[in-house]
Structures are given as structure tokens and as C-alpha cells.
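Should a chain be cited, it is by its letter among A, B, C, D and E, assigned in written order, with residues numbered from 1 in that chain.
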Amino acid sequence: MIFDLLLVAALLWSAVQALTTPDLFRAVVLFIIFGLLMALAWARLDAPDIALAEAAIGAGLTGALLLDAVAHLHKKRREQSP
Amino acid sequence: MRTLLNVTVLFLASAFGLALGWLILDLPVAAVRLPEQVTAQLEMSGVVHPVTAVLLNFRGYDTLLEIAVLLLALLGILALPRHVSDHQHRPSSANPVLQTLTRVLAPLMLLVAGYVLWAGAHRPGGAFQAGAVLAGAGVLLHLAGLLPAWATPGRTLRAGLAVGLLVFIAVAVALMAQGTLLQYPLSWAGALILMIEASLTLSLGLILAGLYLVLTDSGVQK
Amino acid sequence: MSSALVYALTGAALFVLGMAGLILQPHLLRKILAFNIMGSGIFLMLVGVAQRAGTPDPVPQAMVLTGIVVAIAATALALALARQLLDMNGEMRLPEEKTGKDRLDV
Amino acid sequence: MFDPMPWLILSPLIWATLAFVHGPGRGGRLAVACLILQLSLAAILAQQVIAGGVRMYAVGGWGAPLGIDLMADGLSTVMLLLTQTIVLPLAFYARAYFVGHANSLRYFWPLTGYLLAAMNALFLSSDVFNIYVTLELLGLAAVGLVALVGGAGPITAAMRYLLATLLGSSAYLLGVALLYGVYGSVSLVALKPLIAADAPATVSLAAALMLLGLMLKTALFPFHFWLPPAHGGAPAPVSALLSALVIKASFYLILRLWFDLFAPIVSITAAQLLGALGAGAILWGSFLALRQTHLKMLVAYSTVAQVGYLFLLFPLATGMSAEVAESAWQGGVLQVVAHGLAKAAMFAAAGAMITATGRDEISGIAGVATRIPLTLFAFALAGVTIMGLPPSGGFAAKWLLLGAALASEQWWWIVVMVVGGLLSAAYVFKVLRQAFLPVEETASFQLLPRMLEWPILLLALASLVLGLVGIEVLSLLGAA
Amino acid sequence: MNFNETLPLLVLLSSLLPGLIIFALPDERHGLRSLINMVGSTLQLLLIVYMLRGVMHGEEYIYHFTILPGLDLVFKADALAMLFVPLSAALWFLTTLYAIGYLEGSPHRNRFFGFFSLCVTATIGVAMAGNLFTFFVFYELLTLSTYPLVVHRGTEQAMRAGQVYLTYTLGGGALLLVGIVWLYGLAGQVEFTHGGVLAVLWPEYTSQLRVIFFLLIAGLGVKAALVPLHGWLPLAMVAPAPVSALLHAVAVVKAGVFGIVRVVYDVYGVEFSQSLHLLMPLAVMASVTIIWGSLRALFQDDLKRRLAYSTISQVSYIALGVAIFGPMATVGGVVHLVHQGIMKITLFFCAGNYAETLGVHKISEMDGVGRRMPWTTAAFTVGAFGMIGLPPLAGFISKWYLGLGALEAQMPWVIAILLASSLLNAAYFLPVLYRAWFQPRTEAWPEEQIPMQNGRETAWLLLVPPLATAVATMLVGLFASSTLSPLTWAKMIAAREYLYWMP
């Protein structure tokens, strides 16, 4: 139970941080952490299938897509600023 | 104005959240017991793992539509007006260490995907997870500079993207010849589901990788 | 209170967080993040409430698997649109939300 | 007996996927062939429903609650028939339209196929989670279609539409999650007997969430912000599909939930609230339509207003005597059908006028009356339905709604309907009068192919003739 | 479906189909278009003559078609309908002839004749409607099909007139619709029946019935141009002359007042209306309109505007006849439905002739026009004398019976109204006639478009219709007592509406 509560706290913290931190890159990294924590939560809920899928798709692939978008954003900003 | 909106939304959202939390603490016992029915019918489904049984047999129709959703998302992205880059986009900083590592990892991931797919019949795993692993391999290959981004997929690739859905539909239609949509005969159920899952794994891997490989190359027509 | 219910409550909180973020955050990338967090909240809620007695229920688990796939499909399409907007407008925001509050993240 | 239900879903899925494999710009001919087939399937289903009442189909042979059931009753059959009837002429129209707009064709056909599969699946589904999947399929396909043209305007509209539709389906899904939590099932058939007037408050919350989400997708005032740019900016065949059918899909679902699943727990207060929002939509939408300077935006705002009429059904049918409720119910459904046909014709006609004149402002269509009279005639006929003048389908719907309002002595809805009707006449004639103005001979004008004009007229005529055969639609609707 | 049932439909189709075919024709097929028009209108006249014979021999022509539960389209050729239908058909025939001549060489004639036929279809539909719903359907169709005719010229003035016209008529239509739906809710299908059908609802729903009556009359009064709902009519005269002729004589204005006749006689029942005290306000409204229209007419210099205000005044005679309780007044009102049509169309034809031939639009330009165009001016004179009410012309018959009715109903003030109105008629028509016949011409015509040819003052097609209607004006007066006259027909109608009265 204590583990569950800690996990829940970490989940909520990472979610809030991902939504409010001013740096986008940081936000995405936090979101990936959030996804991995979700995978843990699914494992705790006796849902190993979802845990696998969440880690691979929710955290992994979504994370990759978002990181790529942030990279694209930074590239654009560099192009714009000079 | 903006602040007022912020405050209102935050207030309403928290009120809603509290109400929601309070209400779910006090729920009656559910009238319908689906887990028991799943267990009771599991041996009729052709697989041993209950989640796979629900996913591909009891509620296989959901999954059929869901594959369509995934394919549709890629289709929607491909349908956007984009410029087609002349040079095939590869990350320039292809690190030789990463490349070597990837050359080793990619076949390994292929193997893992096969195992996860096969395992799905009786323990956690299945087409989705296997497809995700395949897609991961694709993304990795791209990052290592070994796989170009997809500007416009050719017909073979499109066929590969669609094969999962098409096989699924074909099985559904074939089964209808002797009765009902997606009603597997008991003796064939396991084999048919494996066949569907195999083709789904291929398509899911391609689509999920495609989401990345198409997006990473996207730009607007100037 | 079972641990499943704890997760269900967390799901409710995540849903609320995500919804507020989706409505209030002007940056599209953050809206997409918020949408995913909101989705995760719903999924936790679905499984958590269904398993409140402590026994696993494969039906909502299968539904969540479906939901995760749908979510990534939507996320990918949203990102594609957001990137197009960035290329055309130089910003990842909807025009009515160009408050320029935090220019940092374009 | 041959069962058309699964085929209505499989057919568009198959042709959409094949069209995708075939490549960008391809698949039109296949689509038309399959659409003819689908229209016949829907007609067969209608006959079966009229003859034998509600039809069920257990996918996978399991049956609810373990499996997923398809269900065709009067309402869903009306919607299926309407959908295929509208899409077939629009397919012909689109083939002609994209000849002149080849650069925005791309994956139009597969996207339309999935859109259609989603709608057919939605109308036939009797499982709230399955409906969620169809809603997402529908939403993503619609967004993809809106984005086809490209450019800052349409892409922004598509993005806004996507966010709105995702928020809507999330709220819906949370409602589904709560329902499963309370009852352990997501099947409409299994849930219906379980929900009684003394259902736990969680069920009310679930109902509110699902209905709110669907209202957002239906673009009910004040959730209409996303609709005009999305419908007004898309290519004309897409606008027609979206305005005529896509918003009706979520409205159909609201009807299903309100009158079927949640009937024991809905309150008269909530019904009056929905009616008030509908009245707001009628007045505000018409007012804004009147102020538009661009043709397609005017038509799009007209959709916002017409959606309002649909929601007048709730205060007129909830908590009233059986007779009044039935009249309101019939009027509401007829309005769905009439508006679908008329709005498809109107958007298609607007697209044709813009193609012909090369200008998209209302002031640019002067001279249309002499150059493409057939299209203008179709626009005017569709306008007759939108204005609710006899003998159109829109009039029959309004007649029934007015009758219900008078019989239940809710005069305030009568005022709304009358004022709304006059406002709609004002914006329809704002276009028509412009078309009659003389134009300089030098103005360039593109001749239209015949296949672009006739489908429009067909749709407009259908909306008109509906007023004369309304009783047939009602007998299908009432089949039990 | 037997022949008697299809006959009303055939009559409608005989003007609807030509209209639809004409829309599809290319604009330059003038000969074919005129042929189709004339074939349609001749066929319609023949069908109507056949039906008239049948109605006189007691045949019934009813067609039913259910479109919603409890909502039927009904076409019925009863005596009242068969008074209006022949009038519309005959005047359509003449107006089409006239319009072919009038619009020679102008653009968009397809559109014009197409909508013209639709407009006539709508009028016939209004006439043969067997219940309020059917009436409403064609009443609105009339609005829609006349709008393009009003704005036909596409000028700024025409567009404005069109907008005002729509605002008034659609608004009126909305009121009418609410009234009809309400009535259907109370009484079910309200089929037109001699003597009315609503008396059974007394006394429970008395106040509701009064409100409904108000709604219906307000809705119908817009087209009937009852003051203060008349604002659209003087503006709508920007339409081409044949349109004004038809609009004022049979189509729009008549549809409104015909609706009032139907509501009072065949829905409420004249006796029931009287017992609800509904007739008196209507009589007052009609009287005000009569005087107001005549007064305004006095001050118009534009000939068509003067005629327009005259229409406002004259049409209210019909409403007045309806509102005075008693068979004599009924005869006077109903017969004026026909008489006013014939006389007013004569006047508009003539006004069109002046404008088209000589470019004369204003009364101040009419000096000496009688010498240049004696036939036209003679026809105009007959029409004007008829309007004033000189015996033995048509207008006299109407006013005579209205006067008798007023005496019968002990409403002497109505006599005063009639006298005052006749004086005003004389005051605004006689100066026109004086100028035309007796003032010498001192300057050139404003715009002489059709020169004298072999002693013929203008084109044949422009000359024949007004002469025909002028002759008709004399004939219906002279032979008022013959068995085929409108008067006899009106007496028959009155006999059916007042159950105790024998003519």
C-alpha cells in the first residue's frame, strides 16, 4: 500500500510538472517518466498487458514523437532567431 | 479575461474532480459479472490468456475498428499537404557506435517481437506489444541513420500497412460464410487468431513506426 | 479502501488535471501532453473502479489496450497538424490563444 | 435470411482500405460502386425492420454482455438510409468536383470510406464502448478530411476541431468507465433494464459526461466555436458530408442515450436547459449567418442554427403526454433527415458556385442565376427546407414540433421557431438576391460539368419530396 | 384513383409542367416557349370548363393525399373554388399573351415565364385547397414564386421592393402557420365546409378561437394588404406590368382575401364568427383600408402607384362584404372577387401599354394620350368607371349588393363608407380620364417605342388583352342575372353559407 501511495504521488507530481514546467523539453521528459510510472501502476493493478503496451507505446513511442516535435520546434526557433 | 477563464476552469474542474472522487468511493456491487463469464467461456475462445481472448475474440470487433483507427491516423497524416523533400532525410549525426549497436539490436528486437506475439496466446503479450517492439526497432534504425524517413510510402509499403486490417476483415468475411461475423469455429479459433495477430503485428509495427517516420520528415508545401 | 480504488482516485485527479491543461494551456504541444494525461486518467479510472473488489477484470483491461492505441493515433495526428501550424505560422498555438505569455517555447 | 448489418460496416472498411493501398487520388470508381451496394443494403435492412421490427446481430456469436451486439431499430435504420442516400450523390459530385481541385484530392476516398464505416458502425452499435471506438474513427476521419486543403486557415480549423472532438470523446469515455464501474457492463441491452429512476448519482454523472461530450461533438451552442471554420474551410464535398451527417451521428447518440438508456433518470429541467441551448443556437447562429460575407461560412453558421432545432425536441418530448412526445420525437428525427439532405445540397451548391465564379464571397456570385441556374435552383430548393416552408421536409418537421409545443403549451419555443424561421429566410435570401443581380459581361466564369450540378439538384429535390413522403419515414421510425 | 379525383391535380399540372419545362429550355427558344405556355393555359381553361359543368351538375372533385399522420393535402373543387379558379385561369391566359408582347426582346424571359407559371399554379392551388394546410402550402409557394418576378429587373429599387415584400409576406406566413397549427391541435384536420366546422368547440375554447382568428386574419391580411399591413404593395409595383397586373388582380392580393373568405365562411362559419363578435373588427379594419387606400391614391402622380393604392382600397370591399353579416353582403363581397380582378387587370394592362408604347409613367405626362391610343384609353375608361361603380358595369353590381347587405345588417355607416369611397374613386380616376381625353398634347412623348402602324396604336398582343377584359367588365354587369354570371354563382355560394337563406 505504501508503495502504491508513493507511486500515486509520483504520478501526480510528474503530471503536474509536465503540464506546468516552462521548458518544453523538460515537460516531455517528465511526460515519458509519467508514462513509465503508469506502466508500474498497471503492473500493480494486475494488468501486465497494459503495462507492456504503456511502456512501449504510451511512454516509448509517444515520447519519441513528442521529442521529435520538440527538436523540430527548436530547429525552427534557431532558424527564426538570427 | 484570461485569468477569469483560468480561475473558472480550475474551480469547475476541481469541483468536478471532488464530486467524481467522492462518488466512486461509494459504488454498489456491479450487477453484471463479466470476469466470470470470460472465465467460463475462455476455453471456447481458442486462447488461454483472458485479455487476448477478450481482445481478439469476445470483443474482436472493437479491435477490428481500432486497427482502422490507427491506420486512419497515419492516413490522415499522409493526406496532409506536405512538401516532399528531395534528399532523403537522415539524421546527420549518425554515431558509429549507435549504428553498430543498432545493427545488433534490430534483429534481436525482431526476435523479441516474434516471441511476444506467440506468447500472447497464453500469457501477457500479443500483437500490440509485438508491433510496438517492431516499431521501436524501426525508430532505432532511423535514429542510427540506417533507415530513411518516409516521404511518400510506395504501394508495397501501403500494402504492408494495410495487410493487418485486410487479413482481419478477410477472416471476418470468410467466417460469415458459415454463420456470423467473427464467429470462430472452436477447432480453428487458435490458428485463425494467431494468423490475424501475425499480420496485425506486421501492420502495427509498420504503422507505429510510420507515425514517427512520416512525421519526422513532415513539412509544409511552400 | 482497496489499492485499486486508490488508482481510480488518482485517475480522477489525472483526468481533471489533463482537462484543465487541455483547455487552459495555449501551447499545442502541452495540449497534446494534457490530452494524454487525461486519457491515462480515464484508463486508470476504468480499470481501478472495475477491479475495486481486488480481482483482475480482463474486459476493461482489453478496453484500455484499445484506448491506448486510439490515443497514440490521435496524438500522432495532432502532432502532425501542430507541426504544420508551426511551419506556417511560426507558432504552435491556435490564433485565438496567441497571448505571448511565455515566448520561451515559441 | 441474408443480414445486411455487418456488410454495411464491412463494405466501406474494405473499399477505404483498398483505395488507400491503391494510392492517392484513386478509389473513386470503387467507392461509387460500393456505395450503390450500400444503399441497397440499407434499403433491404429498412424492409426487414418494417416487416419484423428491431433486429439484433451478435458479433462473434457471443451475445451481450460478453460480446458486442449490433442492433437495427427504426431510428438507426432511418439514419443508415439517410447516410447512404446522401453519400451516393455526393460521391458523384466529389468525382466531378476534384477534377477541378485535383491538388486537394489526395486521400479523400479512403478518408471518406473510413468516415462512412464509422457512421454505419455507430448507428448499428449497441455497445457504449464500441461506440467510443466508432466515435474516434469518425472524428479522426473528419479531421483528416478538413485538413485536406491545407493552408493556415483549414489546418487551424482542423486542429481546433481535433481538440474539440478529442475532449468530447474523452468525456464520453469517462462516462462509459463510470457505467462499467457501476453495472459491470457496456452493452446498451444489458444496461437498459438496470438503470432505474433510483440509480446511484454516479450514473447521473456518467450521463452528464456522455451527453456533454456528445453536445461538444454536435456543436450545440455554446460549443459551436469549432464548427464554422472547419465546415466552411473544407473542400465542398467534405463540408457537405460533415454538416449533413457527421454532427448528426453524435446527435443520434444523444437521442439514443436520452430516450433509451437514461430515460428513467433524465429530468424536465435538463430538457428545458437543452432546449434553451437549442434556442440560443437558433438565434445566435442565424444572426451570425446573416453577418457573414463568405458563402460557405454563411452555410456553416446556418448549420449551427439548424442544430438548435434538433435540441428543441428534448423539452417537447420529455415529461409530456405520450402523444405530444411522439409528435416531437417524429418532428426532431424528420428535422435530422431534412436538414441532412438540404445542407448537403446547400454546401455542394455553394462549392459549385465558388468553382464557377472563382470567388468565395457572397458578393461574388452575382449573375449565377443566369449562368448556372440549375445549381441556384437547387440551392433555393434546399433553402426552402432550411426556412421550413412547405411542402419541404423541413416544414413537416417544423409542423410536428410546433404542434407539440402548442399542445404542451410551451409557447416560448413557438416564438423561437418562428423567429428562427424568419431569420433563416433572411440569410437564404441574402444569397439568392445576390445571385439575381446583373454581372458585368467581362467577369470570368467557368462552365460546370453536368455531373457536378445534377447530384446537387437530386439532393435538394429529395429534401423537398421528403415533405410529401414524411409518413413513410415515420412508419420506418416507428417500426418496433 | 378515378378521373374525378385526378382532375384537380391535372388542373394544377397544366400550369406547373409548362413552368418546369420552360425553366429547362434555353433562353432563345421564344417560339417553343410561347407555344408551351399557350398550350398549358388553353388546356387548363378546357379542364376548368369541364369541371364547371360538373360542379353545376353536382359532381364532386376531391383529391386526398396524406403526408403526415393527421395531415392531408386536399384539393377540392367546390362552388367558391370554382369562382376563383376560372378567373385565375382566364386571366393567366390573357396575361401570358400580354406578357409575350410586353417582354419582347428583354432578357431572362425563361426565368420570367417559368416563375409566372409557378405563380399561377400557386394561385390555382390556393383556390382549390380543401383545407387550411393545403391552403398554406400554396400560399407560401405563391410568396416564393412571386419574389423572382418582383425583383425581375434586378435594379436597386426592385431589390429593395423584393426585400420589403419578403419581410411582410414571410412574416405574415409565420403568423398564419402558428394559427393553423394551433387550430389543428384544437380541432384536428380543418377541412373547408360550407357553414364552418368550429361551432362544435363552443363555448369551451372561445378565447383561444378568438386569438387564432386574429392570427389567421393578420397572416392573411398581409397579402390582402389590409391597413396597416399593406406597406409592401405600393413598392412591389416596380415589377414588370404583366406581373403587377396578375399580382393585383388575382394572384397575391386575391389569395389573401380569398383566405379571409375561406376562414370566415368555411372554417369558422359566418354565423359562428358573428356570435364570437369577430366580424365587427374585421369590418372596421376593411373600412379603414378602403378609405385610407383611396386617400393615398389621390396624391400619387405615378400611374401604377395610384393603381396600387386603388387596389388596397378595392380589395377591402371583399373583406367588407365578408365582415357584414348577411347573405346580400356576402354576395357583394364574393362577386367583387371576380369583378375587381377583371377591372383591375384592365387598368394595369392599359398602364403597361402607355409605358411600353409611349414611355408614359406619370399621370402628369398623360395629356392627350386618348387621341394617340384611343382603344387603350377606352378600355382604361371602362375599367375606371367600373371601379367608381357606374351602372351597369361590374363594380356597380358589387357595390349595390354591399349596400343592400349593410342595410340588411343595420349598419348604415357602411353606406357612408361606400359613398365616400365611390366619391374618392371618382376623384382619383376622373382627372386621369380628363387629361387623357380632353387635354391637348403640347410636347413629344417621353419615349415612343412602338410607332403607329396602319392606324394600330400599339402591338396586337398588348391591345387584345385589355380590350377583352374591358368587354368582360361590361358583360358581367350587363348580364348579371344570367345563369352563368359571377353574380349568380355568388348567390349560389351565399345560399350554401347561410343555411336558412334562399336567393
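Definition applied: a residue touches a chain if its C-beta (ideal position, glycine included) is under 8 Å from a C-beta of that chain, and two chains touch if they have at least 3 such contacts.
Not measured: the values here are computed from a predicted model.
Engineer: Using the contact definition given at the top, which chains are in touch with both chain A and chain B?
Structural biologist: Chains in contact with chain A as well as chain B: C.
Engineer: Minimal path length between chain B and chain C through chains that touch?
Structural biologist: 1
Engineer: Return the chain whose centre of C-alpha atoms lies at maximal distance from the corresponding centre of chain E.
Structural biologist: Measuring from the centre of chain E, the most distant chain centre belongs to A.
Engineer: When the mean CA coordinate of each chain is compared with the mean CA coordinate of the whole protein, which chain is closest?
Structural biologist: D
Engineer: Between B-D and A-C, name the chain pair that shares the greater number of C-beta pairs in contact.
Structural biologist: More C-beta contacts join the chains of B-D.
Engineer: Can you give the whole-Å distance between the Cα centres of chain A and chain E?
Structural biologist: It comes to 78 Å between the two C-alpha centres.
Engineer: How many Å are there between the centre of chain D and the centre of chain E, using C-alpha atoms for each centre?
Structural biologist: Result: the chain centres lie 43 Å from each other.
Engineer: How many angstrom lie between the CA centroids of chain A and chain D, rounded to a whole number?
Structural biologist: Taking the mean C-alpha position of each chain, the two centres sit 38 Å apart.
Engineer: Go ahead and note the Å separation of the Cα centroids belonging to chain C and chain D.
Structural biologist: Inter-chain centre distance comes to 28 Å.
Engineer: Please output the residue numbers of chain A that touch at least 2 other chains, ranges allowed.
Structural biologist: 49, 53, 57, 61, 65, 69, 72
Engineer: Give me the residues of chain D that touch two or more other chains.
Structural biologist: Residue numbers touching two or more other chains: 129, 133, 136, 140, 143-144, 147, 150-151, 155, 178, 181, 184.
Engineer: What are the residue numbers in chain B that touch two or more other chains?
Structural biologist: 20, 24, 27, 30, 34, 38, 51, 58-59, 62, 66, 69, 72-73, 76, 80, 128, 208, 211, 215, 220
Engineer: Going by the touch definition at the top, which pairs of chains touch each other?
Structural biologist: Chain pairs that touch: A-B, A-C, B-C, B-D, C-D, D-E.
Engineer: If we count contacts the way the header does, which residues on chain D are in touch with chain B in the complex?
Structural biologist: 6, 10, 13-14, 17, 20-24, 57-62, 65-68, 103-104, 106-108, 110-111, 114, 117-118, 121, 129-130, 133-134, 136-137, 140-141, 143-144, 147-151, 155, 178, 181-185, 190, 194, 200-202, 205
Engineer: Report the residues of chain C in contact with chain B in the complex, numbered from low to high.
Structural biologist: Against chain B, chain C makes touches at 1, 5, 8-9, 12-13, 15-16, 19-20, 23-24, 45, 49-50, 52-53, 55-59, 61-63, 65-66, 68-70, 72-74, 76-77, 79-81, 83-84, 87-88, 99.
Engineer: So in the complex, the part of chain B that touches chain A is made up of which residues?
Structural biologist: Chain B residues touching chain A: 51-52, 116, 124-126, 128-129, 132-133, 135-136, 139, 208, 211-212, 215-216.
Engineer: How about chain A: which of its residues touch chain B in the complex?
Structural biologist: Contact set of chain A toward chain B: 48-49, 51-53, 56-57, 60-61, 64-65, 68-69, 72.
Engineer: Give the list of chain C residues in touch with chain A in this complex.
Structural biologist: Residues in contact with chain A: 3-4, 6-7, 10, 13-14, 17-18, 21, 25, 27, 29-30, 32-34, 36-37, 40, 43-44, 47-48, 51, 56, 61, 64-65, 68-69, 71-72, 75-76, 79, 82-83, 86-87, 90, 92, 102, 104-106.
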